[in-house]
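Residue numbering begins at 1 within each chain, and the chains themselves are lettered A, B, C and D in the order written.
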Amino acid sequence: MTKINHTPDEMMTIAAARELKDGQICFVGIGLPSAAANLARLSHAPEIVLIYESGTLDTKPDILPLSIGDPELSESALTNESVPEMFRFWLQGGHINLGFLGGAQIDRFANINSTVIGNYSEPKVRLPGAGGAPEIATHCGEIFVIIRQSKRSFVEKVDFITSFGHGEGKNHRKRLGIDTKGPTKIITDLCIMEPEPDSFELIVTSIHSGVSREEISQSTGWEIRFANNINTTKAPSNIELGALRALQNRSLEATFLSKN
Amino acid sequence: MTKINHTPDEMMTIAAARELKDGQICFVGIGLPSAAANLARLSHAPEIVLIYESGTLDTKPDILPLSIGDPELSESALTNESVPEMFRFWLQGGHINLGFLGGAQIDRFANINSTVIGNYSEPKVRLPGAGGAPEIATHCGEIFVIIRQSKRSFVEKVDFITSFGHGEGKNHRKRLGIDTKGPTKIITDLCIMEPEPDSFELIVTSIHSGVSREEISQSTGWEIRFANNINTTKAPSNIELGALRALQNRSLEATFLSKN
Amino acid sequence: MAKITDLKEAISESVIDGQTIALEGFTHLIPFAAGHEIIRQGKLDLTLIRMTPDIIYDQMIGMGCAKKLIFGWAGNPGVGSLHRFRDALENGWPKPLEIEEHSHAAMANAFDAGASGLPLAIFQGYKGVDLEKLNDKIKYITCPFSEQKLVAIPSIRPDVTIIHAQKSDQKGNVLIEGITGVQKEAVLAATCSIVTVEEIVEDLEATANSIIIPSWALNFVAEVPHGAYPSYAYGYYGRDNKFYTNWDKISRDREKFKSWVDINILKK
Amino acid sequence: MAKITDLKEAISESVIDGQTIALEGFTHLIPFAAGHEIIRQGKLDLTLIRMTPDIIYDQMIGMGCAKKLIFGWAGNPGVGSLHRFRDALENGWPKPLEIEEHSHAAMANAFDAGASGLPLAIFQGYKGVDLEKLNDKIKYITCPFSEQKLVAIPSIRPDVTIIHAQKSDQKGNVLIEGITGVQKEAVLAATCSIVTVEEIVEDLEATANSIIIPSWALNFVAEVPHGAYPSYAYGYYGRDNKFYTNWDKISRDREKFKSWVDINILKK
């Protein structure tokens, strides 16, 4: 085996990008999802359609935006729509195949917390809150979650359900009248998890190259199970790494070294 | 007295134009209302704001449009909005001071019919129908009606209430929870009528120059009453007539003699 | 992604007898060419939806394509009646026509709700009017905060929506300019959509907030120059008001109408 | 008709202690200058509404202008927390802050309903989430046609809405370009509205479908070049992402924050 020349974050972003298919209509959030989605667009999925909550429809940024409505998104978009239209026509109207979510906590049924650590009325840590997430989680055809894995982020039960995943498992989504798939893949810096058929509990389906089962178990706040037919996520190729690093470098440069 | 050198329609249009005040926000329909509103704009009310249902906001046509969405309206508008926005933001949102309505029939309480003569399910004459009228009638601050006067058009009771005026009179609007004034002036080719305070029955408040009370009574399908302090509508001045005729001539020319 | 094709194929692959169809365009960009193609293909038993039926639906009704009309204002704008519509309604010629009648505010809200994936639209309207008593699609909800009563109507969800627009790019992204009516809403509310365009261009030359319907929200795009005539296309050609006025004469008489259609639609 | 005036007068004639105020602008065209003027004028007890509070509300909260925040996502976009917001919430500094929390979809719909003169907005959302249990403004209606249960929330109706835009003409008609967020809806939903603009021009050079708020729907227009900085104004200047990143350090510390405000807002 060659020696590892990528960071866990790079593995996570590249693993997420690989899951994206050309032509998909994606609702993208800032940070890791945005990096993965744009990496996919700049490599194997040139016709992927990226939509950001700010109303930028089919946008093709050359650098990663810092905020959800950076000039780069606006200027490279097919058009800019109002935020009510974005939520009503495009999201609620059912046009989005895939939504990307992140969060501070995720639980064994892929419910996500991005609101508060501790008690809502007396927070230990107050997080930014829901934003578009609750409705992204139910209106998109399916959801990918990108999140760094640790015992603090992968918890038995989230402190607060900001976005509904599979609730308490089984047919919980159906029971609530939600007819979209919800989280189908959780991509972390260690592995890929998917909800197990029927139970909808998250199980590991692919372990990133160089990561051990023990590492994963020790970074999960519940007794994580592994699929029978488990895959190994291929390490990033030099081409993938090169593309991601180039994207991130020119983004950093544009964001922080520009004279504005 | 000088000899009459204007038609009853001209008198009606000019009388209506005079009632419009500079700076008003008017929702305008095609035909007589459009002629009156644009005459006002081109003479004493240059800052009047004209809005047509097609979404043309603050439009300044140089000729009278044939339809509610002629190129002349669109091109001279401040901007063009979608029809849902027009109805939701501008009309229902309460931004319009004055709405203009016409119709085939009007009754003693200023209810208007533009739907059907005879029975709805077996019509004697099927008219175009409601269009924007029902909501214009309740959402605009007040309503002016322009309509040619005859026993057929001024009826005791309309065959069909397309747009609500004062219902059965008295506080009927209030009882229905409508907080706008409804029809405040009915401008015909013979006179101006207004709802009598309290009863809200239409009474004649101004008789057009050269018209007799008998003419008005004989052209009304109920026993029309006259206000105590009745005015005489001044005959059109040469300036008014000149402006109206010029407007109409250039409209006819543009509409029917253009090579398109 | 929209399939870029010709009008004939777009119609024959989309429109099926008995469907609910909306041809939208509020006085502007009315998809006349598409309506004519539906007539040529002899589609039947359609439920036609349109805020303002206009001449195009007069022609389709007169040729017997429609079994029902859902509308707000059925006239020849600025001219008078739609005689074919009236003949169908008053005399059942060439066949009886069922109607479902709304106000424009109701229809605009219902299209908007359809585009928004909602089963109903709510608005303030229909107060004191007779339509409210005749149309059983008009119901009410009570606002749980203000206790206000608001009108509820079902959203409009056509099987097929057809509109005309100025231009599309090679991918099928469509740009609309000028008076846009409820076209975008009608497209997004539909199961299947067709857009005819004046031209397919390399570059839409759009501004930051241009009204663009993305290709992936459409099914068919067909280049049909002059496809809105005698209505108009802002930036391309004006409205033929003379034709609208002449239609009154043509359409008053059944035979005159049929021979006009024969020459101007069927034999084209 | 809008009164064209300076920012100081626009704020002092509009904003009253205790009111409900929305400063809108979704990542773009955030009315920073107007927020700073509110801080300078020492307004108190405000209920602040904003989909994404951003740095401007962090500053206003840190200076004690707010008693309540109605919001959807309170962060420094792409950077992290709003430390002044968190300090108010977690430690009551400089005073306790009440919050009312929604999803973005809820707020967008509620602004839209406010602009539309409706007492409530309906949408599909909040399914299975905890916010639904905590916020008593979230209720339900049942669609009388489909029997579907839909979320109902009260429309947003600010006493004053303030936005920033690119330009206004001499009459006060305002043109907005680029990402427009819920600005138009927020203005139309408000009792009183202020627009600061980059410049007042002779001719807006608008296209047929430009997003223009007419003068007669506004109360005050004030020319404030660079009025959205460190946010941006499409066509004028870019976003100062460096400032957003630096804000994290400035705002973490109460004293550092106060001295920054002193130099950069109060003494300006």
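Operating definition for what follows: a residue touches a chain if its C-beta (ideal position, glycine included) is under 8 Å from a C-beta of that chain, and two chains touch if they have at least 3 such contacts.
Note that the structure is a prediction, hence the values are computed from the model and not measured.
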| item | value |
| --- | --- |
| Minimum number of chain-to-chain touching steps separating chain C from chain D | 1 |
| Neighbouring chains common to chain B and chain C, by label | D |
| Chain at maximum distance from chain B, centres defined as averaged CA atoms | A |
| Pair exhibiting more inter-chain C-beta contacts, A-D or A-C | A-D |
| CA centroid of chain A to CA centroid of chain B, Å | 58 |
| Between chain D and chain A, distance of the C-alpha-averaged centres to the nearest whole Å | 28 |
| Separation of chain B from chain D, taking each centre as the mean of its C-alpha atoms, in whole Å | 41 |
| Interface hub residues of chain A, defined as touching at least two other chains | 74-75, 80-81, 88, 92, 139 |
| Residues of chain C engaged with two or more neighbouring chains | 116-118, 123-124, 148, 178, 180, 184-185, 208-211, 234 |
| Contact graph of the chains (line, ring, star, complete, other) | other |
| Chains grouped in pairs wherever the two touch, ordered by label | A-C, A-D, B-C, B-D, C-D |
| Chain D to chain A touching residues, read off their complex | 26-28, 51-52, 71-75, 77-79, 81-82, 85-86, 89-90, 101-105, 108-109, 111-112, 123-131, 134, 148-149, 178-182, 184-185, 232, 234, 237-242, 244-245 |
| Touch list for chain B against partner chain D, complex | 23, 25, 49, 57-58, 74-75, 77-81, 88-89, 92-95, 139 |
| Complex contacts: residues of chain C adjacent to chain D | 116-120, 122-124, 137, 139-146, 148, 150, 152, 154, 177-178, 180, 207-211, 234 |
| Contacting residues of chain B [partner chain C, same complex] | 30-31, 53-56, 65-71, 73-75, 80, 82-84, 86-88, 91-92, 111, 115, 120, 123, 126-135, 138-139, 160-164, 167, 172-173, 176-178, 255-256, 258, 260 |
| Touching residues on chain D, where the partner in the complex is chain B | 1, 115-118, 173, 185, 188, 206, 208-212, 214, 216-217 |
